[in-house]
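Multiple structures are listed underneath, in structure tokens.
Paired with chain B in one complex and with chain C in the other, chain A is shared by the two complexes that follow.
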Partner chain A sequence: MALLKRLIDWIDVRIGAREVVAKELTGYLLPRNINTWYSMGSILLFIFVLQVVTGILLLIYYVPDADKAFKSVTYIMNEVPFGWLIRMCHVVGSSMMVLVLLFHMISVLFMNSYKSPREMNWLTGFILFTLVQGISLTGYLLPWSQLSFWATTVATNSANAIPVVGPYLVEFLRGGKLVGPPTLGRFFALHVALIPLGIAAVVGAHLFFLQRTGVSTPPFGLKDTTNRWKGDGYSYESHPGGIPFFPNYALEDLRSIFIYLACFLAVVYFDPYLFFTRDSFIPANPLQTPAHIKPEWYFLANYQTLKIFPSEFIGLAVQGAGMTFLALLPFIDRTKERHPLKRPLFMICAIGGIMLWIGLSVWGHYS
Partner chain B sequence: MESNGRRTFLGLCLGGLAAAAAAVTAWPVYRYLAPRPAKTTAAKVDIPEKDVPEGEAKFFDFGGASAVLVRKRGGDLIALSAVCTHLGCIVQWEKNKQDFLCPCHGGLYTAEGAVISGPPPKPLTKLPFTVTNGIITVG
Partner chain C sequence: MHLSAHLFILFVLLLPMSSFAAEPAEIVCIQCHSTMPGKIGEPVKLWKGSIHAENGIACNACHGGDPKDAANAMSPARGFLGAPKEAAIPAFCGRCHVGVLKDYLASAHGKALGKGGPTCVTCHSNHLVVKASLDIINEKRCSQCHSFERARVIRDAMQETEAMIVAIDKRIAAYKGNGVDTESLEKSLFAVRNRFHTLFHNVDVGMVKKESAGIQADLKKIQDQLKALDDSRQKRKIAGAVVVSAMLLLALFAHLLRKTFD
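And now, the complex of A and B:
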């Protein structure tokens, strides 16, 4: 212990570590009525780190070559000790990341935390949401299975609906007329280098904005819910008399992470193929399309929307409009009231939107 | 004092749990990263005699390392490890001089593997072999 204290003293003399800890951790106060939903962000950060670690490990044995990719994945699954564990953590982790991300968004939506002055938090969060979808889509191709190959064919093909530039865009995305070895190279570079760096950078910005504006007060519970910020100057939402981030809320974060880990490992150990279909065990065959090819569960609504509209362009435009609306929500919704029960119209729209999304996904799954 | 004892006990339990969790996480990662045992199961290698003409050397894989068969001018057959005893490079057969040269630091060996000059501290390891019906079996 004396040694540890001497080490901390040594660092403290040089960089003033205790001051940083006091300012950012022990002295960083959160609202007294903060709830568990606020720890979704910490879970996501934890998942992201886990995805990076397992991803780096997979890179050791994975070969990004159309002739060898499927074999190398099979080798990881069957030959490398604990290869199955590393890969399953990565695969299951990706689906869980999208799931927790949706919970995070929904909690921010219903607690109205996206409102002024937190537009930039919401925007960076929205960018993260699209980047996570992008990294999931590109990662899907890498095992070079039938599922990967045809899901990517369908997904890249939807860009075709954009007028004028559509066909060129599809070819640009694929690196050729059809999905093939050049597509694998592109998607590999995006999946392991470009998008992860982008996510890390935007996560940094997201946390920086959170730090600057301060954590929002939940609209329910002890305190008043009025937003006193007038938008005429910078202000930090401090919480005098609140609970310190460390150790109090850090422990709550840790508890949430452990609950997440329990759910995550339950899938990894007891139903590892939950997110797989038969086609993911067959090597890609460009000459044979399997029947009933479907995207990952979080793209089912998009997939079904494209099927409903007679014109692909309208289908795509509707989705684009929906996404734009979501991205610009804090600029559209300008009221100061943050209690969901005092905003019936908002509640109807939000719940209706979520039900629509779930309905479309279920329809897409069974169609 | 009693509450202090309980605190120490809980601290120890927590530390033990953390150590156990770290171990069950680290073990799979270590096993995943550890090199796989080489697939070469046979400790013996068969080489037809006609593959090693007089004055020539034949290099081959022997239990995951490089080995060499030499037939000296005059007909003597020798099996050696091709790994230089200096720093582990693979020696080259110099047909015109009938000796082995290690290209890394200039170690020179006779055809029997004895050190002529250069840094190698020991001769090349001799490998046992038998010849039956025109097949050389090393190992």
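And now, the complex of A and C:
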């Protein structure tokens, strides 16, 4: 113990570690009525780290070459010790990341935490949401299976619906007229370098904004939920009399992470094929289209939207409008009231929107 | 005449041609024979239900001739062979089924060729060619010439092996759908299946029994490899149960520890 204290003293003398701990951990107070939903962000950060670590391990054996990619993934799955575990963690982790991200967004939505002055948090969060979709889409192609090849063909093809620039955009995305080796090259670069760096940078900004504005008070269990901030000057929302982040909420975060890990590993060990189809284990064949090409579950609503409109352009425009509305939500929704039960119109729109998304996804799955 | 009138006539003349061109043209053999009555027309009807038709093997593949020229379709100069004499049937079919011909000629069936023994068409029939399978070895077919007793013993020995092959094939396919590298397993099964198929034209009971035992021993080796895969899957599940329980315990520990800070 004495040795540990001497070590801490040594560091403290040089960087003032105790002051940082006091300010950012033990002295960092959170609202008393904070709930479990607030730990979704910590889970997401944890998943991101896990994806980076498993991704780097996969990179050791993966070969980003159209002739060798499928074989290298088969090698990882069958020959590399625990290769199957690393790959399954990476694949299942990607779907879980989208799922937890949706929960995180829904909790922010229903607790109305996106409201002024937290527009920047919401906007960076929204950018993270699109980046995660991008990294999932690009990662999908890398195993170079039938599923990879045809899902990417369908996904890149939808850009065709954009007037004038559509066909050029498709060719730019694919690096040619059709999905082929150049597509793999550019998706690989996006997946392992550009998008992860982008996500890390935006996560940094997201946390920075959280740190500057302070954690929002949940609107439940408090009589006074009015926002006293008038928007005329910068103010940090401190929580006097609140609970310290460390150890109190850090332990709650840890508990959530362990519960997440239990669910995640249960899928990895008992039903990893939940997110796979037979086509995922057949090498890509540009000459043979599989019978049912469907995107990943989180793109099913988008896929169905494209199908129900008479023209793909309208379908794409509707999705663009929907996404823009979601991105600009804090600027559109200006009321100060944050308790969802006191906002019937908001509740109808929010629940209606979620039901619509689920309905479209289910329809897309069975169509 | 006016130019537009010329074009109109040309259009009217070309119209029926273009509608014919849309359909794949039937070979001339079928065009003529299918309209003929009795023995000359019958083969077309029978052929349509055969394994040959299913695989796109048409008249000229066996009988030769020119399937595109109605006038000379049956000209020997164009390679027309006509129907073989009974003793020539195995050689006729054996032009494609080389391995089967060898197996047949070596068997008691083949040795009795020309002395009342069966030819290919006795069991597989001529135009309504039946796919080679164990179903062909049945009482009705075999007892045309002799009692079914010996054939039944052969059939039983083969049926067991066939069932094993089908079951193994299914298990390999299931593993393949889970990302397991099944290439070597598939190759082994392919080799064993081929070896098994050579038995189909052997009618020596002792030989079939002996060969079947050897084939089953090889199949057992593949089954052992599959068993090893099953075992490793089972181990993974046990490890999974341990890991998931550990995570739940850690979650409980964090929860209890959190409560001490209230």
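Just so it is clear, the second predicted complex is superposed on the first by the 365 of 367 C-alpha atoms of A that agree within 3 Å, B and C clash if a C-alpha of one lies under 4 Å from a C-alpha of the other, contacts with A are read in each partner's own complex, and residues count from 1 in each chain.
Note that a contact is a pair of C-beta atoms (placed from the backbone, for glycine too) under 8 Å apart; a residue touches a chain by one contact, two chains touch by 3 or more.
Note that the coordinates shown come from a computational prediction; the quantities given were computed from them, not determined experimentally.
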item: Of chain B and chain C, the chain that contacts the larger number of chain A residues; value: C
item: Touched partner set for A:L59, first chain B, second chain C, both or neither; value: neither
item: Which of chain B and chain C A:P81 touches, first, second, both or neither; value: first
item: Chain B versus chain C as contact partner of A:I351, first or second or both or neither; value: neither
item: Interface residues of chain A shared between complexes with chain B and chain C; value: 79
item: Touching residues on chain A, where the partner in the complex is chain B; value: 57, 60, 79-83, 85-86
item: Contacting residues of chain A [partner chain C, same complex]; value: 74-75, 77-79, 84, 247-248, 251-252, 254-255, 258-259, 261-262, 265-266, 268-270, 273, 276, 278, 280-281
item: Chain C residues within the chain A interface of the complex; value: 176-181, 236-237, 239-241, 243-244, 247-248, 250-251, 254-255, 257-258, 261
item: List of chain B residues in touch with chain A within their complex; value: 28-29, 31-34, 36
